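Chain nomenclature is as follows: A, B and C, assigned in order of appearance, with residue numbering initiated at 1 for each chain independently.
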Amino acid sequence: MSTNGSAPLLQVEGLVARYPVSRGVVGALRREPKLRVHAVDGVSFSLRRGEMLALVGESGCGKTSTAQSVLRLIDIDGGSIQFDGTELSGLSPRALRPLRRRMQIVYQDPYESLDPRFRVGATIEEPLQVHGVGSRSERSDEVRRALELAGLTPPELYVDRYPHELSGGQRQRVAIAASLVLHPDLLVADEPVSMLDVSVRAGILAILDELRDNGLAVLMITHDLSTAAHYADRIAVMYLGRIVEEGPAHEVVENPQHPYTRALLSVVPKRDPRERSTPQILRGETPNSIHIPVGCRFHPRCPLAIEECKAVDPELRRPAAATDPAHRAACIRV
Amino acid sequence: MSTAVQGAAAAEGVDVAKSGRPGSIRRVVFGEPQALIGLAIVAAFILVALLSPLFLSQDPKTKVGPIFEHPSVSHPLGLDGGGADMVRLLIAGTRVSLLVGFAAAFVSALIGGTVGLASGYFGGKTDIVLMRITDYVIVIPDIPLMIVAAALFGRSLTNIILIIGVIYWTSTARLIRAQVKSVRERVYVKRARALGAGNTRLIFKHVLPQVMPLLIANTVLLVALAIFAETFISFLGLGDPSVISWGRLIENSFTDDAILNNAWWTIVPPGVCVTLLVLGSTMFGQSLEDALNPRLRVGHLSVRRFRMRPLKGKLESE
Amino acid sequence: MSALLEVEGLNVWFDLAGGGELHAVRGVDVQVDAGERFGLVGESGCGKTTAMLTIMGLLPPNASVAGEVRLAGENILARGEESVSPHRWNDVAMVFQGAMNAFNPVKTVGSQIEEPLRLHGIAEGRAARRQVAELLERVGIPSDRAARYPHEFSGGMRQRAAIAMAIACGPKILLADEPTTALDVMVQAQILELLLSLAEDFELALVLVTHDLPVVAQVCDRAAVMYAGEVAEAGSIDALFHTPRHPYTRMLFAATPDLHAGGERVVSIPGAPPRLDRPLVGCPFHPRCDSRFEPCPTVTPLLKVVGEGHVAACHLNDHVREGALV
């Protein structure tokens, strides 16, 4: 996988996560078969320390489920997750707890992810208490350090506040501080800025950027390709529970190979009004991941699809036109 | 640490004034007259109960004059069928009624809160079993059960408290269960779980504090129910014979033929006391619950009528 | 000829529960021509949605309004809500943020699109149902879906249905409040494409209210940037991007990452917008501005013409001649 010698911090192979969908009362009475959403359907990727990987895709593509499976926050139905050499897939919740210290998550909505009854200081101290770290004064030093890392300076100004006294950007910084206080190795950021105002987004992303530079592995989930292109080292594009294209961020953005990636990139609005282009709009909506098409899962919407695409489920491989050796796409036409 | 990051956040505005916790009981009490009146009534009775040792230097049942003596200056509410002073009997009754009310409500809240919390938090089989039990308890008719239980286990005050408590916990359990189910799904609870917090911590640090105000509101409502139940049990002659409660007073006046003697003052005042206390705690509990139970909150329909107002300095030009 | 929609000196206050009031819209002037595609850009709380709701006469009772909203010359705010209501849906229609809330969950989508047709006496019975079917087809929904309930629609479909409802009575102006915010990029592209084609076919003026600058850059001809209830800058979208005359506009563009501008630094704007429940002194943006100088904290800048059809409220323009860059 990784071309460079150092072993990846996180190595995911063939990850599968499905969950049952409710048939409703009528469905159950009619004895309809139990349906399952194939949220994650064979996802493989790796992530090194000091690297930021962006999982991008439309809602329902399985990017959030992938992140949650990696942290074992939802049950997985197959595949392997190696975290720093430890296999996570078979571990009991009890055995996972010490590892949770090393992998943290920042959620999308800072208005929901902080307990409204906890002061900022208590929110950030909680992870330390949970894992029994340090004395009271050591913990309070760690809280201050985390607040500073998240750019909430001076810390005294913030520790005694309640979430409702803070702006969205400040809340997200508190959530980040709480995820950093244990010095984790892996940080999962699930749409960390999509609920925030445009003017404060860059500040939040700059923190993640800097943490990455200091050796943290960051898995960022986002639907915003511009953000991914700007901050991530690598981009993995997901469609219906699979990664369909993966590679260095600039390579994926400037030299996209998979027809889905191309379409997706073409509809991202450009900032400069003089650069109006004709977007390549895919018709219809993403099919649900209950009935995944046979063959290439993208073929019903694909402009390049040929007869063979209905039969062959393509694997990720290096496309002919790729200029970077780490660039891979799952399409038989490229 | 880059200056860009630091500068960005430092200036992100700490303009907001510090304020207290959201959704507090205090705000409800001072925001709604109904809650304030209810609380005042309950508080007045509690005050009387607390100060009762001052008035009750001797046994309130002591005969101080002729039976069924009319109200007078020295005995404002007259004497009962045993020649005891009604005011002192009522004060003594306040103590017992409040004790039974609060203790039974506490028992109810404890059982109901625990069942609701466990049921809502753990879900699955725990939920199914606990809710099935709750359903069974709900369908048992309460008054006959009280009568049977009082007859079976004896007529002590403790037994009455336990019986009332064991009958009334079901609504609490269901209310708390529903609330816990929604709180459990909140992102901050998920976040705490993701960072490795165990069930004990999640329940007692994140979930319980969030449902506590609702539990308190519900308990206040239960106090009213319990006081009423105690009065009823005592009136039926199934109360603790060694203590004086409002229900006992009413029962006594019936057995002493107060009605034949036209001694209204032995029946009406205890009845008024029960009514007032039940009303007070219902008013208080109901307004708390209205404010705190998200299921009861109803959005106000906008009539879409806004006001137009003149703009300063623009008047002259028009 | 005067513009189709002229908003002049619009002010909106909200009475606050604890006393005091919030001055949400502070003297907004905006013109939209017939058939134009106009963008109203700003961050949350800048008053853009409130201004649009005022044009629709849909403010809550704790609001009070001053100023004029002229529709083809007629001041529809003259008698408050009463004088707005005949124009609502007939002349001005709105697609609301969060299409889920625009529909009653227990009525079919078709019957809800039919409602404005009936209420405004345009069509009834079979004729109305036929019109609903045509409207649905026009926005890209198979007409047999009319009998379905809102929850059976995906987010994109619901937004299409909301657009069908908005154009049902043939308005001249369509106000679209964050019509694509909760949607994926591909669906967003579909919805924007639909709005543009409807605007063209029905000669609709489209007012796109959004926080998303690139969307406005791709879709609109002109735009106004709002900040703290005021218009900070307005002009052609090209001028706003290439020759901004208000630092907020420039900084907002700089805070927005672009797909292909890989090496360029994206910089957030420090600070937060001012509270609107207190009087503002000086330029509302000065605490966050990177170019502030002496007059900014004390003197409120007025909108000044800085180019053809280009206005900005910034003291930097006080001494600069028309056409020069900031």
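Keep this in mind: contacts are C-beta pairs under 8 Å (C-beta built on N, C-alpha and C of every residue); 3 or more make two chains touch, one makes a residue touch a chain.
For clarity, every value in this text was computed on a predicted model and none was experimentally measured.
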{"item": "Most distant chain from chain A by Cα centroid", "value": "B"}
{"item": "A-B compared against B-C, more contacting pairs", "value": "A-B"}
{"item": "Rounded Å distance between chain A and chain C, as computed from the means of their C-alpha atoms", "value": "32"}
{"item": "Inter-centroid spacing, chain C versus chain B (mean Cα positions, whole Å)", "value": "49"}
{"item": "For chain B, residues contacting two or more additional chains", "value": "4, 8, 10, 12-13"}
{"item": "Multi-partner residues of chain A (each touching 2 or more other chains)", "value": "167, 169, 200, 202-203, 206"}
{"item": "Chain C, residues touching no fewer than two other chains", "value": "267-268, 270, 272"}
{"item": "Chain C - residues contacting chain B, complex", "value": "9, 11, 13, 57-61, 63-67, 77, 79-81, 267-268, 270-275, 287-288"}
{"item": "In the complex with chain B, residue positions of chain A that touch it", "value": "71, 73, 96-98, 100-101, 104-105, 107, 109, 112-117, 126-127, 130-131, 148-154, 157-158, 160-162, 164-167, 169-170, 173, 175, 178-179, 182, 200, 202-203, 206-207, 210"}
{"item": "Complex contact set, residues of chain C against chain A", "value": "43-44, 154, 156-157, 184-190, 193, 211-215, 217-219, 237-238, 241-242, 251-253, 255-262, 266-270, 272"}
{"item": "Touching residues (chain side chain A, partner chain C) in the complex", "value": "58-59, 167, 169, 197-206, 223-227, 229-231, 249-250, 253-254, 263-265, 267-274, 276, 279, 281-282, 285-286"}
{"item": "Chain A-facing residues of chain B, complex", "value": "1-2, 4-6, 8-10, 12-14, 16-19, 21-23, 186-198, 201, 205-206, 209-210"}
